[in-house]
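By letter and in written order, the chains are A, B and C; residue numbering begins at 1 in each of them.
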Amino acid sequence: MHSDRASFGLRAAALGGLLFLHLPILIIFLYAFTTEEKSYAFPPPGLTTEWFAVAWNRADIWPPLYLSLWVATISTLLAMILGTLVSAAMAQTRFFGREQISLLILLPIALPGVITGMSLRSAFSIMDIPFSTLTIILGHATFCIVIVYNNAVARFRRLSGGILEASADLGANSFQTFRHVFLPNLGSALLAGGMLAFALSFDEVIVTTFTAGQQSTLPIWMLQELVRPRQRPVTNVVAIVVFMATFLPILIAYYLTRNGSETAGAGK
Amino acid sequence: MSFAVEFQAVSRHFGPANAPVKAVDGVDLTVPEGAFFAMLGPSGSGKTTCLRLISGFEKPTAGSIRIFGQDVSDIPPNRRNVNTVFQDYALFPHMTVRDNVAYGLMVKGVDRRLRAGKAEEMLALVKLEGYGDRKPSQLSGGQRQRVALARALVNEPRVLLLDEPLGALDLKLREAMQDELKALQARLGITFVFVTHDQGEALSMADSLAVFNNGKIAQIGTPAEVYAKPRTRFVADFVGSSNVLAPEVTRAFGGPDRWSSLRPEALRLTAPDGVALSGTVTAHRYLGAGSRVSVAVNGTEVSALVPAGHGLPATGSTVGLAFDPAALHVMEGEG
Amino acid sequence: MTAPAVLPARGLADRLTALFWRHPRVLLSLLLAPPLLWLGVVYLGSLAALLLQSFYSIDEFSGVVKEEFTLKTYAELFRAQNLDIILRTVLMSAAVTLGCALIAFPIAYYAARFAKGRWKAVFYLGVMLPLWSSYLVKVYAWKLILAKEGIITWAADALHLSMVLNAILSIPGIGGNSLSTSWIGTFLVFVYIWLPYMILPMQAALERVPSSMLEASADLGASRAQTFRTVVFPLAMPGIIAGSIFTFSLTMGDYIIPQIVGTSARFIGLAVYQLQGTAGNIPLAAAFAVVPIVIMLVYLTVAKRMGAFDAL
């Protein structure tokens, strides 16, 4: 018996598992081309590309798309600033309360979204804050911080700790060290974190339903279509857009950080 | 005579005030200008902390540090005209070798053309011409070490600090670098402060050295002084591989009732008859240039160095021991 | 001319650097203040608001929230229908966790122990992409797959297995009219969505098992099954527990999946959403939201005792 080779059963189960993770997404693409708009009949009775044009001309899709892009962009920028600050602080020496702070950063992502959402909802209700784009961003930026932070911290573990000291030793002041050594070395990890944060924010639905009020982001629009379908293939076209808007940043993040395993287990 | 570095009762304690870890504990120290000064000691003895006190990455909990007469208690690392060659080199991974070397000039606002020229000059000094466009990851360990050296020297520091700079290199490269560092120091005239746990390295390179133990200086002096006249048992043990003799053994060897040390090379093996001291050979160890012979005398094991070419007594045989009484060094302290 | 031993300070940047050096806490506070203010005010503040709301109650006649401390709202959780919701949610979370563990194990084991070079990257991306890609799109895909007129029904027909499918759907309790309206459907989608969260920590734990240990076990004459039971499984356990924290917690808090695929029976998440929205009963919604927190705290305490956090 070769201990270095997996048994057939194990290989089949492993590859089967990977396929199980990927095949369902392809179905979305197929149904965007079906001629059947009232049901999910398989196989599709015919294929057409008309739904892309229909989707393009549907006025109710554009405002949610813009809102989602806007919210994701602002939340990502906020998360990158706040995440960079925390990771810079954590890169310094150990200090009292360090563990508690990393727990606090992790909490919004560790607890289910419904709790984050309901908590924000409770706070808005107590303080009489009306729902707005700002309330959506408040929620999104909160759970995006940890994504940026995780990427930055993982990069720091790999870097030689001495380079910040070396910079000061060679005469650089704190700001020069930040600009010439800290940022360039952390840059790609921060960018990767930003990409993932964008993907996460663009796609988020659970927290958003508690903080959006009457407004619709694209995922909320999709959710409404799922509960009460109208032109089903149009939903698929939008689903493809959402999928691409999350898939591409993830791929970019992977290539930015592939020398380490920084995105591994980052937690969503 | 002015001192490049001067420590006055310097301590660096870590942890809580009621139970501190005394990394450096009341150290007085002067490094003469232009010296090649070694700080020698086992790991955790405080030598690296002393180096970091000079560069400014640690602040003393008590005492004062002067660099060329100037109190630096209030001066952050970037304003001390002191540069460090770090143990792991700490080269900037995102910069080319040239940009690494020119970094100190860049942050001081030196014009790009000027600093590129200066960087080339430094690379030539450490024999790395033509390597300027590479990234640190494309260099060997020895080459990285040279880049770290060039990067520190480009700033024309008054004191160069070296933290176990040769520790990561293999034996042959280490010996070559020792000679080069020594030559470089003689040529530039900069004060070198060198941290090492390798006593051979410290003895061969330094013109004076401080032996550290438990955050304190056990002895300070020239290599010859420290080697020949260790002040304490610790120094005798750590510097070289001396025979450390307890008071009663010292007496048997004809000395006073005190701790003493006797270098293995000072001991000669003779025929067992007609000598005051004799013992039983318990082991040999071949060292290339000679052999170390262990002899049990009155229950204490001492070793003698027998040069190559001399006959070795068989294990178990009885031999006589002779030495110049002046070689028996009586120590001041015990610890 | 020799350079001075101490260089002069040049401008504000150098003076600030000196300040940061003399008082490291100043820089630390400056760096930490904005993110801590954000998380402290926005997040912890909201959690506090949640707790506060859960101790309020709603006036049954006017429907207005009474801002007075009471345990009445928590007492409502113990009504039979609400207990049902909690029990149903916990059971589903447990089942999903078990399902994820079973499917994840071969993938994690293969990726950790046998995948080399290019395959390692394939497995890594193969798990990371579904983990990060759009949640809603993935749920939607399953609605298409499980629909009565969808691909599974079609495949069962084509393979002459419709009998089997119908038999499964007719199992009382978990079956239903079609997969997309049955408990089985909800379970499948949950397992699919949270599977990557189980694979990653499991793989991390398995990668820490030195292969020499497996060889030693084989050398000592253990069969594959014995090696697995006595060496691999115990060593993978912290990873499984770490993964289960994710799958359990995520299932418990989700309300989108049961809304789109499954029976219309309510889960905690859906109850929270409906109570705060259409029903306008924020105190009861808040009390419901506290339930998963309490369950997870218990779960985490137990998991911590079993050493699960070393694998995170």
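Here are some notes:
In this section, a contact is a pair of C-beta atoms (placed from the backbone, for glycine too) under 8 Å apart; a residue touches a chain by one contact, two chains touch by 3 or more.
Nothing here was measured: the structure is a model prediction, and the numbers come from that model.
Traced through touching neighbours, the fewest hops from chain B to chain C number 1.
Compared on C-beta pairs in contact, A-C and A-B come out with A-C as the pair having more. Averaged C-alpha coordinates give centres for chain B and chain C that are 55 Å from one another.
Between the Cα centres of chain A and chain C there is a gap of 15 Å. Centre-to-centre separation between chain A and chain B, using Cα means, comes to 53 Å. Counting only residues that touch two or more partner chains, chain B has 56, 76-79, 82.
In chain A, the residues that reach two or more other chains under the touch definition are 168, 171, 173, 176. Contact with two or more other chains is made by residues 7, 14, 17, 20 of chain C. Partner chain C is touched in their complex by these residues of chain B: 56, 67-70, 72, 74-82, 156, 158-159. By the touch criterion given at the top, residues 159-160, 162-163, 165-173, 176, 180-181, 184-185 of chain A touch chain B in their complex.
Residues of chain C touching chain B in their complex: 2-9, 14, 17-18, 20-22. Chain C meets chain A in the complex at residues 7, 13-14, 16-17, 20, 24-25, 27-28, 31-32, 34-36, 38-40, 42-47, 49-50, 52-53, 65, 103-104, 106-107, 109-111, 113-114, 121-145, 147, 149-151, 153-154, 192, 195-197, 200-201, 204, 214-215, 218, 224, 246, 249-250, 252-256, 259-260, 268-269, 272-273, 276, 282, 285-286, 289, 292-293, 296, 312.
The touching residues of chain A, counted against chain C in their complex, run 1, 3-7, 10-11, 13-14, 17-18, 20-22, 24-25, 27-28, 31, 39-43, 81-83, 85-86, 88-89, 92-93, 95, 101, 104-105, 107-108, 110-116, 118-123, 125-127, 138, 141-142, 145, 168, 171, 173-176, 196, 199-200, 203-206, 209-210, 219, 222-223, 226-227, 235-236, 239, 242-243, 245-247, 250-251, 254, 258, 261, 263-265, 267-268.
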